[in-house]
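Here the structure comes first, spelled out in structure tokens, and everything after it is commentary.
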Amino acid sequence: DTKTLTLMLDWFVNPNHGPVIIAKERGYFAAQGINVDIQEPADPSMPPKLVAANKVDLAISYQPSLIIDVAAGLPLIRSATLIASPLNTLMVLDNNNINDLSDLKGKKIGIAMAGNVEASIDTMLKTVGLNYDDVKIINVGWALSSSLASGRVDAIWGGLRNFEANQLALEGFKAKSFFPEDYGVPRYDELIFVANANTYDKAAIIAFNKAIEQASLYIAKNPQKAWEEFAAFAPDTLNNELNKLAWNDTFMHFSAHPAAADLQRYDDYAQFMYTKKAITTQPKAQDYVLSF
Amino acid sequence: MSELTRVEPITVDPLLREVKSKQPLYKSLLRMLVSAAVIIGLWQAVVVIFEMPSFILPSPFAVFERLIERHQVLFKHGWVTAQEIILGLLLGLSMGLLFALQMLLFKPVKRWLLPLLIASQAIPVFAIAPLLMLWLGYGIASKIVMAALIIFFPITTCCFDGLRSTPSGYLELAKTMGATKWQMLRHIQFPAALPTLASGIRVAVVIAPIGAVAGEWVGSSEGLGYLMLQANARMLIDEMFAALFILSVLSITLYFVADKCLKKLIPWEA
Amino acid sequence: MSELTRVEPITVDPLLREVKSKQPLYKSLLRMLVSAAVIIGLWQAVVVIFEMPSFILPSPFAVFERLIERHQVLFKHGWVTAQEIILGLLLGLSMGLLFALQMLLFKPVKRWLLPLLIASQAIPVFAIAPLLMLWLGYGIASKIVMAALIIFFPITTCCFDGLRSTPSGYLELAKTMGATKWQMLRHIQFPAALPTLASGIRVAVVIAPIGAVAGEWVGSSEGLGYLMLQANARMLIDEMFAALFILSVLSITLYFVADKCLKKLIPWEA
Amino acid sequence: MSVDKQLLSGQNNAVSIDIVDGYLRYHDSADVILARLNIHIPARAWTCILGRSGCGKSSLLRYLANLLEDRVDWAGEVNTRPPCDSKDQITYMAQQDLLMPWLSALENVMLSTKFGAAHSSAKRTHLMVDKAHALLQKVGLKDKANYMPQQLSGGMRQRVALARTLLQDKPIILMDEPFSALDAVTRYRLQNLAYQLLQDKTVVLITHDPQEAIRLADQLYIMQGRPAFAESLIVPKSVTPRNFDAEFAELQQTIMGRLEQDYE
Amino acid sequence: MSVDKQLLSGQNNAVSIDIVDGYLRYHDSADVILARLNIHIPARAWTCILGRSGCGKSSLLRYLANLLEDRVDWAGEVNTRPPCDSKDQITYMAQQDLLMPWLSALENVMLSTKFGAAHSSAKRTHLMVDKAHALLQKVGLKDKANYMPQQLSGGMRQRVALARTLLQDKPIILMDEPFSALDAVTRYRLQNLAYQLLQDKTVVLITHDPQEAIRLADQLYIMQGRPAFAESLIVPKSVTPRNFDAEFAELQQTIMGRLEQDYE
């Protein structure tokens, strides 16, 4: 008989979730003997909490968030990786106002609230002799693109290189990105799956990971076909120009071996956050990064 | 007894109403249409004059197109939200009435409860929304509770203020007639409070949708709030506005229905 | 003239108040403290009984510790939010009064404006919040407008309902005295409406914080709402609750200040 | 049991009241309203009280009706004989008509049936509706039963309030200027009506009309002075309602004299 | 200019009113209240109107005060001589006291000074305050000037309302049972006061007290029938306020007869 897993995404379905959707659409989950019930939250901070509270089985989260959560004592583990490279950027409009990070002095940076903002931005600014206090941080909710496009802020932090850049382009704005990994921020996994450390179902997770790996492989081989299948999942909302562009910038980032994990990477990032005082205790990767 | 006495006023009511309902229905409908036209005109003007980029404020025509194109989806989600609002209203109303009654009947309760009540209101429902989601799940229950919570305070306040400001002469009269607390409430204070309570209900009807939509924002898989967020996340701003439009229509309808009912209930007020 | 006549009532007021203010201040303070204790007790009970994980509902003691540890930061942000709320209240109040007056004085205006008004309210402020941010910036102005918007309808409704339900005898008397519309309003309808308006203001005071905090959530760089978001992102749930606590205290204080003022204004009501 | 009770009250409804050395002051004023007030209100008889406007008649009545308990300082004794809880024994008709604006004239008359221990069998209800209709007819408002209070004239409102009072069946009736808004003829008729219906009740009537007082009083008090006390006047021996005669005229002169004197 | 106006009104305040073939029906009722009503209200004189309770006296007065415009069907003529906009010429005292609960007695008396064209020089204000105090004293409420309405007795409230009426200075005064809640002596004194202060005004007084009507009337009407019409009664030739005499008594008998007759 089939086991049902509830999976809560980090946000509404978008190209970042390609393997999940494809696995479901192409019946890879079913083939592994599991049934996955996909839920979409409106607040990305909720899914890990729900996993920790045993309300859902799996959730999509971010590596920095997981480290913060585990440091705060939430019973979470990483069960798989969805996208293994950073997608986050510090983005400005390409209008010659800001050509270099040092031009940000005294400027406004819009953020969508996240736990590692200060650590990352401070690190990036340090490389050009500035620091966090030289810029003004403004929470702009989720109106990242429009706040940048309308000129209310000079830069945004939290825009993804595969998404916000395309969004701005579609609205007629050319954006320029500064990648955190180029400015001293350790590399990290952008999107990961998390499960409850105490109650996770090992067999189900293994089955789940297999299906995801199969889907990633399929996408890597047939990106165009996969796009059509992805868009067919919810044609009303998915089948549009922006998602198509985003897809093309995303599919190569999907982790080929979701189950595998680079423990060192987690420890490095935790170390980075700890020294930047974003967390007060330093969790060990071996305790919460599991490979299935 | 009440069956017998309650029947009587009907004979005078038609007379009373004769003068009031001069306004035919089609006139108020016409007025609504013209209002709508004016709003749309203003909206278009803002779009044109301020050169609004469409990802901030789409033109009404784009929204209208979207509305037609997606009417099925919109109605489906609208129906969910409508249910949440109406059930939330009922729940909030009864809780508010109950609370007000309690504060009225047991003076000490009031003193102790009021700060609690205000504190509970001061905490934005959003802040406790995650708790609600955890307890009540992602289904309709949590949204109903959200809507009820948001209207709870206006109802309680208006009801309580209305109930306690009954002309003292009425109360004294009933007292000499041997009215119990409950009878006093039922036959004197409640009818006397109806006009103030009506204000509260009008407010409630209009803000209840905020609660329902807010609830959907925190967690849901259907409803107009969900649709709006999703549309917003996908930069389908015209769809978001189409959902907003449906929501407004819902609210206005609710308001006018409530208003009509309230006016029927309180014929002795102008 | 008014200066002279206005002076008189003072001589009777102390007499009137003599009976009412039997309740000494320390008693109501004590009550507040006990209420607070009860709330905290309940809270702790929920934590213990439901085995609430601390990342969803931290224990009151953890929150209290945080409160003391971070009081400076909390007060700084609290002060910002307080300003937003108070200015929002003032703006919303004056707009609401103005609107209600207009609807009262120019009947046709009412017919045309009311649907607009309801529609504007039905649209959750949240939905237009991003627009407001873009127009008014991420500073204090947008939050003030948010708070004002959210209280605008309760104020308008209560004020309008209060103004139009003046006992007709009073109006007729003033009419025979040659009162202009404005004088009628100032000297008859407004004082007669004060009790209902007071209900509206009480509601407004309690829901204005929701507007301000919601505004901060959508876009800001300071204030309790900002602090809460930040704390949430860092999983500092106890800090988030500490901010919530400050917000509640703010609301309760505002409510009681408003209540006191209103009672002073309306001595003729019980 | 409800029948039992009614029988009981039928036998038992002779209550007399004695006020000894009454003193009354409103909490929110320094003026003493009543002092050294002694009044005897005999059972099954009409006691009429006259007095200058503002002397404290209504205050006295309201105190007797238990409406001032927590708003005045009171000293002195109020004794009922047989001793009883006066709360449940009193019907009170206020100086203002106090019609509920949301009830029709008929419903206002029947207001009291909604209160107290509920013995509302369908039959009893029917009886009360009939009684209310009959009373409305007797006060001359047969065709206004369904009018709302706002549609009635001042005198009509007062008549509805009177009918409401007469519908109740308690041993003590306190009435505060019940006929003040009526024309001479209506007033005369309603005096007769009340006299007739309240024959075996203990009635306290406040009035400003000396003729009315003399016509109906078995016991007549005039309140005088500041603070007010009550002086008993001797009424003619004839049976009430009295007709105008020499003794009547003389008493009227006395009353006017007293009122006049109180004015100085 | 304000002085001009006052002078003008001082010269000009003799307004008479003629009602010809008046007909009145409330929109919300099928009953016709007044029909074929003819009344002449002479200038600078007191016109008293008597009538059964509910016959339409208040309705007539309210119509004259422009308070029923949109709530009744009216047919017939109302002519003022000299022709003027009656709206600005009328002071109206309603059957209810209508004191504003948020104003003290003194402020209630001064209510009218807040309305109309504002000529509130400090001096004028002072004058009005003095006048209000004087009036309160004259109606016997000197020491209650700062009381709130809720603290006054029924008669006191009516007296405040009377003082408020007397403070106004318009050529036509309409009063609806202004003395109904007062004791005989106070009533007598206030009749004199009103008579004295309203000597050169056109006064319409509704009353239920035939003696009051006869005492003060230059012109006396009794309203009768359903719908009601008005019949003029001949008043004694003596000057008002009249004392009781044979003619007085006879007229009183006539009035009682008419009222009685209206009852059948």
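Note that the chains take the letters A, B, C, D and E in the order they are written out, and that residue 1 is the start of every chain.
Definition applied: a contact is a pair of C-beta atoms (placed from the backbone, for glycine too) under 8 Å apart; a residue touches a chain by one contact, two chains touch by 3 or more.
For reference, the UniProt names are B, C = ABC transporter permease; D, E = ABC transporter ATP-binding protein.
All values reported here derive from a predicted model rather than from experimental measurement.
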Rounded to a multiple of 5, how large is the rotation, in degrees, that superposes the C-alpha trace of chain B on chain C? 180
For the interfaces B-D and A-B, which has the higher count of C-beta pairs in contact? B-D
Could you state the distance in Å from the CA-based centre of chain A to that of chain E? 84
Could you grab the centroid distance between chain A and chain B? Build each centroid from C-alpha atoms only and quote it in angstrom. 39
Please tell me the distance, in whole Å, between the geometric centres of chain C and chain E computed from their C-alpha atoms. 47
Distance from chain C to chain B - Cα centre to Cα centre, in angstrom: 19
Tell me, which residues of chain E touch at least two other chains? 28-29, 96, 147
Multi-chain contact sites of chain B, meaning residues that touch two or more partners: 16, 56, 130, 134, 217
Which chain A residues reach two or more other chains? 49, 53, 146, 150
Where on chain D is chain E touching in the complex? 26, 28-29, 50-54, 56-59, 95-96, 140, 147, 151-156, 159, 176-177, 180-187, 189, 208-210, 255-256, 259-260, 262-263
So in the complex, the part of chain E that touches chain C is made up of which residues? 62, 65-67, 87-88, 90-92, 94, 96, 98, 100-102, 104, 106-107, 110-117, 120, 122, 124-126, 128-129, 145-148, 150, 168
What residues on chain C touch chain B, complex-wise? 28, 31-32, 34-36, 38-39, 56-57, 111-112, 115-116, 118-119, 121-127, 130-131, 134, 153-154, 157-158, 161-162, 164-165, 168, 195-196, 198-200, 202-203, 206-207, 209-210, 213-214, 217, 228, 240, 244, 247-248, 250-252, 255, 269-270
Applying the document's contact rule, which stretches of chain A touch chain B when the two form their complex? 11-12, 14, 39-43, 46, 49-50, 53, 55, 142, 145-146, 149-150, 167, 170-171, 236-237, 240, 242-243
Touching residues of chain A toward chain C in the complex: what are they? 45, 49, 52-53, 68-69, 71-74, 108, 113-115, 117, 136-141, 143, 146-147, 150, 152-153, 278
